[in-house]
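You will see two complexes here that share chain A, one where it goes with chain B and one where it goes with chain C.
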Partner chain A sequence: MTTMKRFGALYAMMIPVVLYFLVYAYYPLARGLQISFQDYRLMGTHPYTGWDNYRLVLQDASFLDAFVNTLLIGGGTLALGFAAPLAIALSLNEVLRSWFRKTAQMVLYLPHLLSWVVIGGMWIFLLSPDTGLVNVVLVKLGMSGPIHFLADAGWSRWMLILLVTWKDMGYNCILFLAGIVSISPSLYEAARMDGASRWQQMRDVTLPQLSGTMKVIFLLNTLGILRIFDPVFILRNPATASKVDVLMMYTFQRGILEMKIGPAAAASFLVVLLTFALTFAVRRLIRFDEV
Partner chain B sequence: MGDRYDRLGWTNRTFDALNAGFLILLMLTMIIPFLNVLALAFSSGIASMQPDIVLIPKDFSTEGFVTVWSSLDLWRPLLNSTIVTLSGTALHVLLSSLAGYVFIHPHLPGRKLMISFILLTMMVPQEAVMIPLYVVNKDLHLINTLSVLVLSGLVSGFSILLMRNFFSAIPYEMAESAKIDGAGELRVFFTMYMRLAAAGLATVTLYEFVGRWNMLTPAVMYITDMAKITLQVALKSMIVDSAATSSSYLITTNVRMAGIVISVLPLIAVYPFVQRHFMKGILAGANKE
Partner chain C sequence: MKTKPWLAAAMAAALSASLLSGCSGADNGGNAASPAPGISASPAAPQKLRILSANVGGKTPEENEKFEAALSELTGMDVTLEKPAEGYDQKVLTALGSGEKYDLIEGSNLGVLDTFVEQGVVSDLTEFVESSAVLSDPKVIPAAEWEQLTDKDGRIVAVFSKFQGGTMPIVRKDWLDKLKLSEPQTLEDYYEVLKAFKEQDPDGNGKDDTYGLSTSGLYDIQGFMSAAGLKYRYVMEDGKRTIPYATDAAVPMYEWFAKLFKEGILDPNFVTNDTAKMRNLFLTDRVGMVTYWDAWVGMFNSLRQQQDPSTAFAAAALPPASGPDGERIMRRGDPDYWFVPANAEHPEAAKQFLEFWQTEPGIMLGSLGIEGEDYIKEGDSLKLTDIGKEHNMDHGVPFWYNENVKPPFGKLPGVQEAQDLVKAHASLELALPGWSDAEKIVQQYALEAMSGKRPTRSSGCARSCSPRS
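And now, the complex of A and B:
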């Protein structure tokens, strides 16, 4: 039997997927690189302009703002979005009643299921200065006046970090729980023989045994920080735009709304490069290959 | 787990109480907002605009829902979202399963190369190629069509690998003996693998269903024609944009909250299945990768 006769049908089954990725993954990447060196208009010719687009982007103050915002919001989300679900997973693992554990897991997962429009829209109301639940409670508790959580530049980045963490912690917590479940029970037995308290067992058995899972989740979350778009798109407003507009928002505004395709493509390509650099750095830093 | 600890000691009881307290506090940050939304959706327009702590409907009324249906046209976006979600999910599951099935054949020449081809696509975030993607779709005359929303994220490396994991749990000898009896690849795929990997199919289907129903970025990028907008975009202009501008007297809070409630109903309906399959699927995927 020749290879084609034996495996022909299998190759045929791959055709749609390969075609899709060629058109929607590889070609756009190459095309993006090309456009980033062109004066691109939707109609007419696309003359090459060398590094002009990159120069334009790198000299644009709002690109640098977007870069700083991405690092601050992304970094904050990375740290809090790692610590919070880890704490919850450890806490859930200590719950002895299974009905309580299941209920907690179900409730904590709920926000991840809903869209950013719904979650963002909900919090815009909850945090609104006049009728929002949070401010009504704060004023009743004796605060002098309402806090403009989403319109105050000082609060806006923190609110984004908190809300992104809040929405996704139930999801990431499941990944940590999966790691905890696979730890050998004999390690806990041995620890208890040595008289270790629950706190000590958590610190000296669970946490070190979880390091592999932690590395994977940290790497996955690192890749996510440059992609933040939906929450910013929903929660931004003119008062806070310069504090919360991240790189993807910058690209979207320049390219799709203002139709400055060339510079936007240059900015996207810088994001791709940053993604690769960040992946490489994190892999080196946490020695991913040693997991 | 019950006998893991001596539960009589007072330190243990304090530990348990503090632990439960921590979790209950976190759960309240989820339950109270959702109760607030639900209560406001079933309140009258005037009552819903008062600054007050509303956890049960005040001045019970369904006028919010009536307004959503009668004066705000959510039907068209709802229909568009349904079309995009159902067809996109079906195609995504089918194509990802096909590729996943191909990858379980250990002796297939070029298998490693094809897997690398797929893995590489997972390295590049879709959002980072948003501009060239826009240009590609423009060249294909897909701007302002529902097809572009079906096509975006039509296949994903994640789903392919997940399906491969589920398929490789099925004994490979079964496929081989069926083929010796004369069954073709497609027949083996549809009649054996797709049936035996039902749990995996459910996982990928639910994942896609939720993701497509909630999809926002492509919908705001490619669609400007009001007849083609999806539910999330319609909701955004109703809930978020109208809150930012001061035209809020036009749409009362109870109407906006009713919009939220309607849009999350399909997700709440599938949640029990998500609980059962999706989480197990994540665990299966997470453990093997």
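And now, the complex of A and C:
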């Protein structure tokens, strides 16, 4: 009671936040779970149908295709989206001229500020087989002919992985740089006194000290891989759809376009469950609790 | 620290499920067979009417307010017209799922209408239409057209909001004339014309920068597939659904496109083009032929003439390539329609509106727009304002069925000829459950074959794309 009195104002300040999550996150979550067990019609009654929606989704070849695509694209994005900004952050940390470092950071961060609609339009233009800059350069460099990167099923997953990584690289890079800056200078000083080279300082001081930040970023990125949607929605086309349609695209198609709300809710919940399972596995794997 | 990832995971879950949050409204208990009775307004107050519209209305939020006021004045009702700027399908879905009550909702997809019927969303309008002096008049809406809006039980479930046209090859007529080519009739003719557009510098700028043909994916190659007698989507044969585009008969057609692609006649971006890009190529002298709507024949001509009144640019509609038996197949678009939701609060007001919309004042509002804003009356004649010219006489009803109402300014150049082709050759495509999954396979194989990435004869497309039922 004393605690309540003492911190009452603080608890009161939390009420809007708690209400926000209850209304906009947990209530829809609970309703979504309920709908996933119903034959949900837009009007009229909504009889419960047990596990029918889940059975329907799990027996749907399109769902399984989408699951495989999600794992491949999400896995690629997770790996490259982790390694690339780390490598760049480590490189930028070695740059002594601060104006160059700041400019590079800004340039890298800019794509993160743009929406996927803008990014998608820009890259569709840049990768165009006739007037796109990328193909113009490749042909000048001696390639036999242009590649239609966004219409070729063989390239489609790679392009998604590369573009998602490119767009978010600046953001992750800043997180890594923040982690590097917070490493105690005395550790580097001690290493230098022991005769460590720049490479040895990076390997034996920076990387071990950065492990906490690395674990957090890896886990946060893991949470998002099954929910990837915007880049796929923008960059897909009928020629590549079968290679890039992911689980959220499947849910969108069933729920919004075909108005099969029950199966869409079931698919959404499978994504939730898979995200839980993946997060749990990754936590164990990277020993997150030891941060 | 330990709980944070779980909190984050829960948020991820919540966000994932929130896609469906719009469907989380309480049961609204509506019933298609017995629509909710209208709640009559008091005799003094005007009848209320709430409309959700995709195309009908003002071009901007400000103009939409004026449109709403004009509707109220012309109908004598208190009209609320909601026209979302984007995400219309999601808006309809969330509105219906959350029990929001509209008296009229606009739609443009027969597959969606079928789903609405199946889910008890729409009211039965059969009795109303049959007893309406306006709607049952074949001069207002031809009797045969109602079949499009009739459900499998024979009930009329919606009313047309405009006359819907079709898609066809649209050619640069001035380029044809310049190169002394005649209008193509067969697939071979089409090849010769497209090749000439590619190779003979039709824009006369001395550069090899023109393509013969551009499309936006498979949208809409029906005019060429007509040469093999193939219709898009499903065709029922002996009671079984077939997909003509996925049969062996389609292989030579994909080879024809692959030849165009290989020879640089077909725009190499055709897979990633959206329709806006395709239109821009046509308007900027980069391509000699596109496949698009009848109304756009006039829009193309009008847009170029607005830019340069002395332009030689002339777009014209072409008939589809003639098939083996001389038949031509053309795609007619799904109709735009109004339906009365089963939970409408003012169904009688909605019915009054549906009649009004097919009469001259309704048609003038839906086409020309608002008097005093889009056009003015000068004696007995009408004059478009600058805003009206910008709006191209389209406020949701560029064309209509009612033969008694003549377009006050005629049709834009080339439109009448295009619509004559629609009337002569176009038919609706058959949308059946499961098409979205089948379409993905058909489109992938077709586009790969057209791009020359898949040897059509050995691709097995005909087998893999074959219908599942």
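Of note:
The definition used in the following text is that the second predicted complex is superposed on the first by the 271 of 291 C-alpha atoms of A that agree within 3 Å, B and C clash if a C-alpha of one lies under 4 Å from a C-alpha of the other, contacts with A are read in each partner's own complex, and residues count from 1 in each chain.
Everything below uses one rule, namely that a residue touches a chain if its C-beta (ideal position, glycine included) is under 8 Å from a C-beta of that chain, and two chains touch if they have at least 3 such contacts.
All values reported here derive from a predicted model rather than from experimental measurement.
Superposition of the two structures on chain A shows chain C clashing with chain B. Contacts of A:Val17 after superposition on the shared chain: chain B is touched, whereas chain C is not.
Contacts of A:Ala196 after superposition on the shared chain: neither chain B nor chain C is touched.
Legend: residue contacts after superposition of the two complexes on their common chain; A:Thr45 is shown touching chain C, with no touch to chain B. When the two complexes are superposed, the chain touching more residues of chain A, out of chain B and chain C, is B. In the superposed model, A:Ala264 lies in contact with both chain B and chain C. Contact with neither chain B nor chain C is seen for A:Ile286 once the two complexes are overlaid on the shared chain. In the superposition on chain A, no contact is made by A:Ile147 with either chain B or chain C. Contacts of A:Ala241 after superposition on the shared chain: chain C is touched, whereas chain B is not. Contacts of A:Leu56 after superposition on the shared chain: neither chain B nor chain C is touched.
Legend: residue contacts after superposition of the two complexes on their common chain; A:Tyr27 is shown touching both chain B and chain C. After the shared chain A is superposed, the part of chain C among 170-178, 260-268, 278-286 or 386-394 that runs into chain B is 278-286, by C-alpha clashes. With the contact threshold set out at the top, residues 21, 24-29, 31-32, 35, 40, 42, 124, 128, 130, 223, 226-227, 237, 248, 251-252, 255-256, 261, 264-265, 268, 271-272, 275-276, 279 of chain A are in contact with chain B in one structure and with chain C in the other.
Those residues of chain C that touch chain A in the complex are listed here as 1-2, 5, 8-21, 23-24, 27-32, 89-90, 93, 96-97, 112, 115-116, 119-121, 217-218, 267-269, 271-272, 341-343, 436-437, 439-441, 443-444, 447-448, 451, 453. Residues of chain B that touch chain A in their complex: 1-2, 4-5, 7, 11-12, 15-16, 19-20, 22-23, 26-27, 29-34, 36-37, 40, 49-54, 95-96, 98-99, 101-102, 105, 108-109, 114, 117-118, 121, 123-125, 127-136, 138, 151-152, 154-155, 160, 184-186, 189, 210, 213-214, 216-217, 220-221, 232, 235-236, 239-240, 243-244, 253, 256-257, 260, 263-264, 267, 271, 274-275, 279, 282-283, 286-287, 289. Residues of chain A that touch chain B in their complex: 3, 7, 9-11, 13-14, 16-18, 20-21, 23-29, 31-32, 35, 40, 42, 88, 91-92, 94-96, 98, 100, 103-104, 106-111, 113-118, 120-126, 128, 130-133, 135-137, 140, 166, 174-175, 178, 181-182, 188, 197-199, 216, 223, 226-227, 229-230, 233-234, 237, 248, 251-252, 255-256, 261, 264-265, 268, 271-272, 275-276, 279. Interface residues of chain A facing chain C in the complex, by the touch rule stated above, are 21, 24-29, 31-33, 35, 40-46, 62, 124, 128-130, 146, 148, 150-153, 219-220, 223-224, 226-227, 237-242, 245, 248, 251-253, 255-259, 261, 264-265, 268-269, 271-272, 275-276, 279, 283, 288-289, 291.
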